[in-house]
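Right after this note come the structures.
Next come two complexes built around chain A: one with chain B, the other with chain C.
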Partner chain A sequence: MPPLAIEVRGIRRVYSAKPAPVVALDRVDLHVAPGEFFGLLGPNGAGKTTLIKILTTLLLPSAGTARVFGFDVERDTKKIRRIMNMVAGGEQSGYGILTVREQLWMFTQFYGLAGGDGWRRVDELIEAVGLTEQRIQRVSTLSTGQRQKMNLARGLLNDPWILFLDEPTLGLDVSAARSLRELIVDWKRAVPGRTILLTTHYMAEADELCDRIAIVDHGRILAIGSPDELKRRVQRESIFRLELDHLDGGVATLVRLPGVVSASEAAGAIDAATRQTVVMNLVLEDDGVLGQVVGALARTGSEILGLRKSEPTLEDVFVELVGRGFAESDAEAAGKAG
Partner chain B sequence: MAVSATSAPVPAPARFDFAKAEGNGIRDFLRTFAVAVRLGWQLEANWTDPLLFFIYSVAKPVSSALILVVMLEVIGGPSGRAFRPFVVVGSALWSFVVSGIAGLAFSILEDRERFRMLKYVYVSPSDFLTVLVGRGVARVGVGLAGAAITVAVGVVVLGVPFDLGSVNWPLFVTVFLLGLWSIVAVGLLMAGVVIQTRQESWSYPEAFAGALFLVAGAVFPLAVLPALVQVIGLLTPLSWWIAGIREALFPGGPGSIGGAGSVFAGAFGHAQPGPLEIVLALMATGAIATLGAVAVFRVSDRRAKQAGLYDRTTGS
Partner chain C sequence: MAGIIDLVGRAGIGPHEAADWSRRQELMTDLRSVRGRAYPRVIGLAREPSWVLFEILLPFLATAAFVFVYRAIGAPQEYVGFVVLGGALTAFWLNVIWMMANQLYWEKSQGNLELYFAAPMHFMSILFGMAIGGIVMSTTRAATVLLIAGLVFGVTFSVDQWALLLGVFLLTLAALYGLGMVLASLFLVWGREAWHMGQMLTEPVYFVSGLNFPVARLGFLGALSVAFIPLATGLDAMRQLAFTDAAFPLGTPDPLLEVAILTVMTVVSILAARWMLITMERRARRDGRLSIRWQ
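Then we have the complex of A and B:
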């Protein structure tokens, strides 16, 4: 049995802070298999960075054990450091006076590459992340997005088995964030077995990238699963938005059908006086019921103008688990910090 | 309620060759050291800004030497002139001490708070201590340029009698290298301290270096200090280093360690230490400083990992 990429057991982390100690992680258990793209999703202050710091050997846990590919974070630090790497977002990091090439090459030396191999690896990665034009530019002259690409290239220098990404797109504009996500996905896909642990507080990012997600709040993992599994948790029924040219007999016609949980006209879709179409929300026990609904509508002579499944979002999952939204959680965290 | 996940049973592909987790011993060490010296050189030397380099590494020591020489002239008159070599060497070595001791500590603060790179260096497999020592050696190298220029100015402008032929070269080389080692050790000790402090503490290392310099006999002989302070001075490798350099460059000139009524003279029964005594004392105090520095650094490292200080920035 090969070791798990990440095996966290009963990790607890308490920071000693001014008024009272802060429990950043509270008995967290987590297993990530090699090859997974795993996400930690949670509001600011949830404990995501703390977990990454423990796994990347920057910080010791207060209790519990954590292993990366079987190596213990407290005892096998050097070994872990050789097989993993880390990239954090939301900060301008870099030795401004060095060129992009120089800075990256320096890290190849820290990772034990021979000098010439180091330069070759640097040039390959510079090309891969699209910084060829900036390669002999000083780091201080790079834009935020370019710096983060360089930072990603640094994170790939040692061809890590596992890459820890701590909010890598934080503070980037939309297009820079997208291009960084593409680079990350491309890197991961290129070789099977490459593993990523990503933290984010952008739902869409987690949804788009991750095979599995752990939803974290106040130092605890509240739920783990694939994005679809998580969404199914909050919504066992299927919800459709249906638009018809007309419906004889009103929604009651549909509610009578077996498997239809409810059907209700959507409010405010089109002004009642000039109404030309009927829009309704249809809740079914499962997707399979849809066929009967369509058949029934055909028999009544209604024409289907539009049919769209409404997907629950990870936000819905979070609200269901925590009882409050993400935005409120962030505001709360900001209030505590200030 | 904490939820534990069942992992998707993806078998680890054959690409996981665990040899990757093993290091390369001495070769890794040399690579890390070399690149750290190179980085230190590029970051610290201000080569890109010759004016800054000139101000910090040349103008400061030269002007402080000049001030001291003028003071000597006013106070001591012509008889003070014998002390000029003493003053010039002391001032020249100052830039060394500052760049070595304070410089190493600054590397930590700069990497952490300005460049934000400390955590990335730290989570690489390179030995962090080696990286720091490399950075320190580069700083000392920069200091060397300033020191050499100051001595040259002393000889040319102030007419300090300097005779290449009479220099005790074996003593000079021995003391110089041991001193360099000791400075880096004391710098490491300082680095261990500033890992724990915040950026507002920029001034601590320089203040510490300054205090050391005063008790080390750089600008005046130890004999003028209270006995307790003299003892501290005698336990500092810097005192022996400065004394050794003076003795090597200007053999028989005024010394800083002993003299009438000094703690040294009282304890050892003769006025000034000889070259061998200086070398032995430098080795002993340097070894103590090294052991102390490594111990402090290790404790500090452990504490920093416990408290999460390697990526902290002022105000966080």
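Then we have the complex of A and C:
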């Protein structure tokens, strides 16, 4: 049986600090299969970067074991470094005096590519990430988006089997972030077995990219699953947003129906013909109850103008698990740092 | 996207095969890393013309000041040659302090350090690359200062053993940059104090290295106590070999003794740098204080 791409058992990491040590990771267990696109989702200070540092051999765990493709992060550092790479958001690595092409070539040397092979690899990657026009431009003159594309190209120079992405779209505008995400997905798809560990605190990014996600907070993994599995954990009931032309008897008409947990009027609107519509949030025990609701509405003569099922987001999952939102968690982390 | 797909140059090779390198692959990666890290310094020669002002004109003016002082006090003519040679070698010391000793600290703040640690080459390759790039850079500057000052002040060299002079020069650079490698690790551990340390060391080292006078003028014990500074020992040996007609003060060590001292210093400093790097990496991984930018 081939080894897991990432196997973490009981990892704990404590930083010495005053007045008290900081526990960055607390008994974390994690399994990532080869070929998986795995996300670590959590607010600032959750321990995501610490875990990446351990897996990329930059940091030792205080306790526990971690393996990358079967190689131990404490003992087999060289082997891990030969098959992995990493890219961080806001990365300013390299030397501004070099051109994009030269900078990437310099890094090919650190991965042992022969001079000519290195230049060829660089040119291929520059084209792939769309930096052909900037190839002989100095690194110091690149925009943030161009810089991050170059950083991604650097991360792919050694054709890694596992790529660690630490907040790769941090600080990018919507268009640049989308472009980068597309590149990452295309690169991964090209060869089966390529594995990506992504840390992010952008919920939508994790939702869009990841096969599975671990939600992390205060150094602990609170839940692991596919985005859909995680959302189902918080969606125990079916929630619909319903718009009617009118509703005789008000929401009480629906609340009396079996299987309807609650019905509440959300907002009213006046259409062009000055006819009032009724918008309501309807919580049902399950989707099957919807048929009875529609039947009851037909009997009262109400016309359904709109019906939309509300899907929970990963933010809802996070709030359910942690008891607070991301923004509050980030503010809390910032307060501690300050 | 075709480019990314085409990149797969090792179809059928799994992660375990990809991680299994031969000794030759390891060695070639280390050598290529030296070349890669030296590259920005060599290419920087042509990209930053400001060095002409800061590293040629200013050292030349400082040298000129000493030449005029020696002439005014009627010092022997060979002292002009001593000062010119010392002025030329200033470029190497500046390079060692600012672009070797301080470099890893700067690399850390840029985020390069953790990329270097996470790459598969031996970290000593990075230090050797920095040193070789620095030597190419500084030799160009030193040669320019030597040529201009030599012509302007009419310095006459009298060399009997060119090969030995060249050997001492190379050995001095090896010992000097070996010291730079040691300082690079030390300065990284010291963090922000490194910059102040660099500034603090500049003038005292200029003085005790005898950049502007024969180091034996410090007396035998004085000369002995600064023998651990490669610049002092190397410069003294080079002066004796470049100005064989000159009269040197009593107590001036034999150049061959200085060659022996430089050889020992080179070996010791490179071994010490290697040991310090290994220690530093272990500490960095244990404490998380060296690779993380905010710490």
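Definition applied: the second predicted complex is superposed on the first by the 326 of 338 C-alpha atoms of A that agree within 3 Å, B and C clash if a C-alpha of one lies under 4 Å from a C-alpha of the other, contacts with A are read in each partner's own complex, and residues count from 1 in each chain.
Just so it is clear, contacts are C-beta pairs under 8 Å (C-beta built on N, C-alpha and C of every residue); 3 or more make two chains touch, one makes a residue touch a chain.
Model, not experiment: these values are computed from the prediction.
In this overlay on chain A, chain B clashes with chain C. In the superposed model, A:212 lies in contact with chain B only, and not with chain C. Applying the stated contact rule after C-alpha superposition, one finds that A:223 touches chain B and leaves chain C untouched. Look at A:304: by the touch rule set out above, it reaches neither chain B nor chain C. When both complexes are overlaid on chain A, the residue A:83 reaches chain B and chain C alike. By the document's definition of touching, of the two partners only chain C reaches A:156; chain B does not.
Within the superposed three-chain model, A:124 lies in touch with chain C and out of touch with chain B [touch as defined at top]. Legend: residue contacts after superposition of the two complexes on their common chain; A:36 is shown touching chain B, with no touch to chain C. Using the contact criterion defined above for the overlaid structures, shared-chain residue A:183 touches chain C, although it does not reach chain B. Of the two partner chains, neither chain B nor chain C is touched by A:136.
Annotation: chain A residues 2, 15-16, 34, 50, 53, 56-60, 69, 71, 76, 78-83, 85-86, 88, 91-95, 97-98, 102, 106-107, 109-112, 161, 191, 193 touch chain B in one complex and chain C in the other. On the chain C side of its complex with chain A, the touching residues are 1-10, 14-16, 18-21, 25, 28-29, 32-33, 35-37, 39-40, 43-44, 47-48, 110-112, 114-121, 125, 284-288, 291-292. If you check the complex, the residues on chain B that touch chain A are 1-13, 15-16, 20-24, 27-28, 31-32, 34-35, 38-39, 42-43, 48, 115-117, 119-126, 131, 305-308, 310-311. Within the complex formed with chain B, the residues of chain A that make contact are 2-4, 15-16, 26-36, 50, 53, 56-60, 69, 71, 76, 78-83, 85-86, 88, 91-98, 102, 106-107, 109-112, 154, 161, 191-193, 211-212, 214, 220-224.
By the touch criterion given at the top, residues 2, 13, 15-16, 34, 50, 53, 56-60, 69-71, 76, 78-86, 88, 91-95, 97-98, 102, 105-115, 121, 124-125, 127-128, 156, 158-159, 161-162, 183, 186-187, 190-191, 193 of chain A touch chain C in their complex.
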